[in-house]
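These notes open a run of structures that come right after.
Next, two complexes with chain A in common: one pairs it with chain B, the other with chain C.
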Partner chain A sequence: MTYTFDFSFLAEYWPELLSGLMQTAQLSILSIIFGFLLGTVLAVGRTADSKAVRRICAIYVEAIRNTPLLVQMFMIYFGLASIGFKLSAEFCAVLAIVINVSSYTCEIMRAGIESIKKGQLEASDCLAMSWWQRLFLIVLPPATERVYPALVSQFILIMLATSLVSQISAEELTSTAVRIDSMTFRSFEIYTVIAVIYIALAFVFRIGFWALSQLVFPRLRRLGTPL
Partner chain B sequence: MLTSFQIQALLVAALWTAGLSLIAFSLGGAVGLLIAVMRVSANRVLRAISFTYIQIVQGTPLLVQMMLAFFGLSILGFSIEPFTAASAAMVIYSSAYFGEIWRGGILAVPKTQWEAAECLALHPFQRFWLIIVPQGLRISTPPTVGFMVQIVKNTSLASVIGVAELTYTSKLINNSTFQPFTVFSLVAVLYFCMCYPLAWWSRKLEDKLNVAHR
Partner chain C sequence: MSPIVKLNKVSKSFGSLNVLQGVSFDVAQGSVVAIIGRSGSGKSTALRCMNGLEKINGGEITVCNHHLHQNVTKAQLRALHLDVGIVFQSYNLFPHLTVGQNIMLAPKWVRKQSKAEAKDLAAEVLGKVGLAEKFDAYPEQLSGGQQQRVAIARSLAMQPKLMLFDEVTSALDPELTGEVLKVMENLAKDGMTMVLVTHEMAFAKGVGDKVIFMHQGKVWEEGDGEILSAPQTPELRQFVGNGL
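So, the complex of A and B:
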């Protein structure tokens, strides 16, 4: 092995990597927020009384979960452009990831919603709560808290999956790395560097989600035990 | 519409996707079992090594792993056949997830099973491999099959280092036909046909194993 590792390009290119990191974080957070919202709506749809609504949500989820994100991204980016919607690569990237993450969130949230005891629903009916009140006050808070760890794992996976965005020429960490690679030809070094950055980012996200859980689940904060 | 030659190319590419998935299942499964055993081992060093391995692999995107395998293998002096690099990346990637899934399964085996095996004077080796591991693997069969869906889908990332699998071929065909909806829908359907049976099987297995808890 006569290869000499050379990380000196970092001195010149670190600001680009930093902005790539910021773009990845931004992209991930945007996709996670909208993906969670859409996924929750879908989960409510999957547990709805209407059979047709349940069916539609199930088909959507199965179709998305059984096809690769990369193909979905190509379909949105190249497909929408071919029928006249000229959208930016960044927008298509967020759209594709939101659609993808929503189907996974839907399955996780459905498990949470189904874990709510029937007695709780009956009690809310006895208190004359409306459907909305029941959903937002009785069902969703404990459902979310119960599946929160699974959601966090899924969100971290989505953060890693934002690297695929580089394939439709949107700007983020991996596409920055590809560009630096094509200028410096230090392929192995640059990908090692961004691998380390991704590990660090995953760590930061984990801490962030832990802090968020302390913030939004007062019961968890006070008792410290899983629901 | 697509010509029959293009459709044929897509079907051949689907075979490459299936082949890459099979390599990831089998070799990744073998390495994954090793990782799972290391994760539950009594030896602290083995536990630390396997833990670090899983953290690194699960903390980096598969896309980056593909790149690292592709450029890294060539640095080490191996031939840089893209398919080899993609297989290596897929094996590393899937072994970490299999390891974590099976660790969960092994830990889920009730402690009384260990004690009963000890009462039967089984050697620690027999205790682990004949009593605990088979039960642990059985418990973790549904998530294992579920993860196979992820593997099939994630082979699409091999396209970035130039493996002529389904996604790569579809991109080529799209570049020459400019019919993204037709091409990518067809590809999505092909992926769906490979993934959905696995997802369905995983759900069936889950139902079957959950009979006791219903």
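So, the complex of A and C:
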């Protein structure tokens, strides 16, 4: 093997990689926030009293979880464009990922909600709390705390999955790398570099999620034990 | 004075199991009523029906001027819950909140009290159950008896007109049982109307103004604490036989 590794292109292209990194981070954070919110709404729907609501949410979740993210992205970007809705690639990217992550978040949050004992619900009802108060004060906070590690894993996976949006020409880290590769022909080097950047980003995300957990779960901060 | 609680021929079944078969009794304002009986006699179900945790199939219950029947609405139940507190065998404290937050939650969100008001109130009721220093502790850091006293305080903070106690000492050892019963005795002295389902015969006899013995879903015997010393029916005689 006579191949000589050459990372010198980085001197010229690092600002582009940096902006790609920022776009990946932005895309991920937006998708995680909205995916979590939608997923939680779906989880509440899947545990609702009404059978019809439960059924509708279950169909949505199963449909999304059993199709590839890339196909969902193509449906939203190329599919919608072909029937006359031309939306930006970045918007479609976020939309597709939100829809995808919401279905997985739904299943994780459902497990959390179902872990709340009936006695907790009875106690809140007997304190004359409304359905909304019960949901936001008694059910969702401990439910989220219990499944938080699983949520974080899912969110990191989603951050990595944003690389797929390069396929619909949305700007982010992987699409930046593809462009640099086509100009420098340093495939091995550039993909190694962005692999390392993804690892670093995943690490930063984990630290961020840990810090967030300390902020939003005071019991965890004080006692350090799982709920 | 009309009774604060009135059960009139209440029936309740779970599937084909008839748990309550025409239960009738009254609770006078300011009195302590102890419901005793074997496991499966329907005593806990009767108590749970009194604040709508179980919907009744027949008869009528009036609690603090609220009427419970087969078709009671959620709004009616909420109104009832503003007047009636309940304490459970398994405490049911909210594990993600501190003791103080557990107590302040409903006054703040349901009664719409200011944070300062709710805090004063929480400190006051916590003092009543002898746990003022546990305001910032989490439930899991407390013993069972302490958790149950917090649950009583949480209920008291809603300033109920009636308190229900569902076997609140059944999960506790004798020492912890004693501290919870002491709190309940003080409540009774303060004039709180209380209905309790209990296996503590000495407490039922000593503190109860009325003792109701339930058997097979019916009120089998009813009277003051003395019925435990001089049972009229063979069933109650057998039930208390080994106790007092």
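Definition applied: the second predicted complex is superposed on the first by the 227 of 227 C-alpha atoms of A that agree within 3 Å, B and C clash if a C-alpha of one lies under 4 Å from a C-alpha of the other, contacts with A are read in each partner's own complex, and residues count from 1 in each chain.
Throughout what follows, a contact is a pair of C-beta atoms (placed from the backbone, for glycine too) under 8 Å apart; a residue touches a chain by one contact, two chains touch by 3 or more.
On a predicted model such as this, the values are computed, not experimentally measured, just so you know.
Asker: Does chain B (first) or chain C (second) touch A:3, or do both, or does neither?
Answerer: Only chain B is touched by A:3; chain C is not.
Asker: Which partner chains sit in contact with A:222 here, chain B, chain C, both or neither? Use first/second/both/neither.
Answerer: second
Asker: When the two structures are overlaid on chain A, which partner does A:138 contact: first (chain B), second (chain C), both, or neither?
Answerer: second
Asker: Look at A:22 in the shared chain and tell me whether it touches chain B only, chain C only, both, or neither; answer first, second, both or neither.
Answerer: It touches nothing on chain B or chain C.
Asker: Look at the residues of chain A and decide whether chain B or chain C touches more of them.
Answerer: Comparing chain B with chain C, the partner touching more chain A residues is B.
Asker: Using the touch definition from the top, say if A:188 reaches chain B (first), chain C (second), both or neither.
Answerer: Only chain B is touched by A:188; chain C is not.
Asker: Given the touch rule stated above, what does A:126 touch, chain B (first), chain C (second), both, or neither?
Answerer: A:126 contacts chain C only, not chain B.
Asker: Just checking: does A:48 make contact with chain B only, chain C only, both, or neither of them? Give me first, second, both or neither.
Answerer: In the superposition, A:48 contacts neither chain B nor chain C.
Asker: Which chain A residues lie in the overlap of the chain B contact set and the chain C contact set?
Answerer: The answer is that chain A has no such residue.
Asker: For chain A, which residues count as touching chain C in their complex?
Answerer: Checking each residue of chain A against chain C gives 117, 119-120, 122-130, 133, 137-138, 141-142, 145, 217, 219, 222-223, 225, 227.
Asker: So in the complex, the part of chain C that touches chain A is made up of which residues?
Answerer: Checking each residue of chain C against chain A gives 51, 53, 77-79, 81-82, 84-86, 88, 90, 92-98, 105-106, 109-110, 138, 140-141, 154-155, 158.
Asker: For the complex, give me every residue of chain B touching chain A.
Answerer: On the chain B side, the touching residues are 55-56, 58-65, 67-68, 71-72, 75-77, 149, 153-154, 156-157, 159-160, 167, 170-171, 174, 178-181, 184-185, 187-188, 191-192, 195-196, 199.
Asker: Could you list, by residue number, the parts of chain A that touch chain B in their complex?
Answerer: 1, 3, 62-63, 65-72, 74-75, 78-79, 81-83, 160-164, 166-167, 174, 177, 187-188, 191-192, 194-195, 198-199, 202-203
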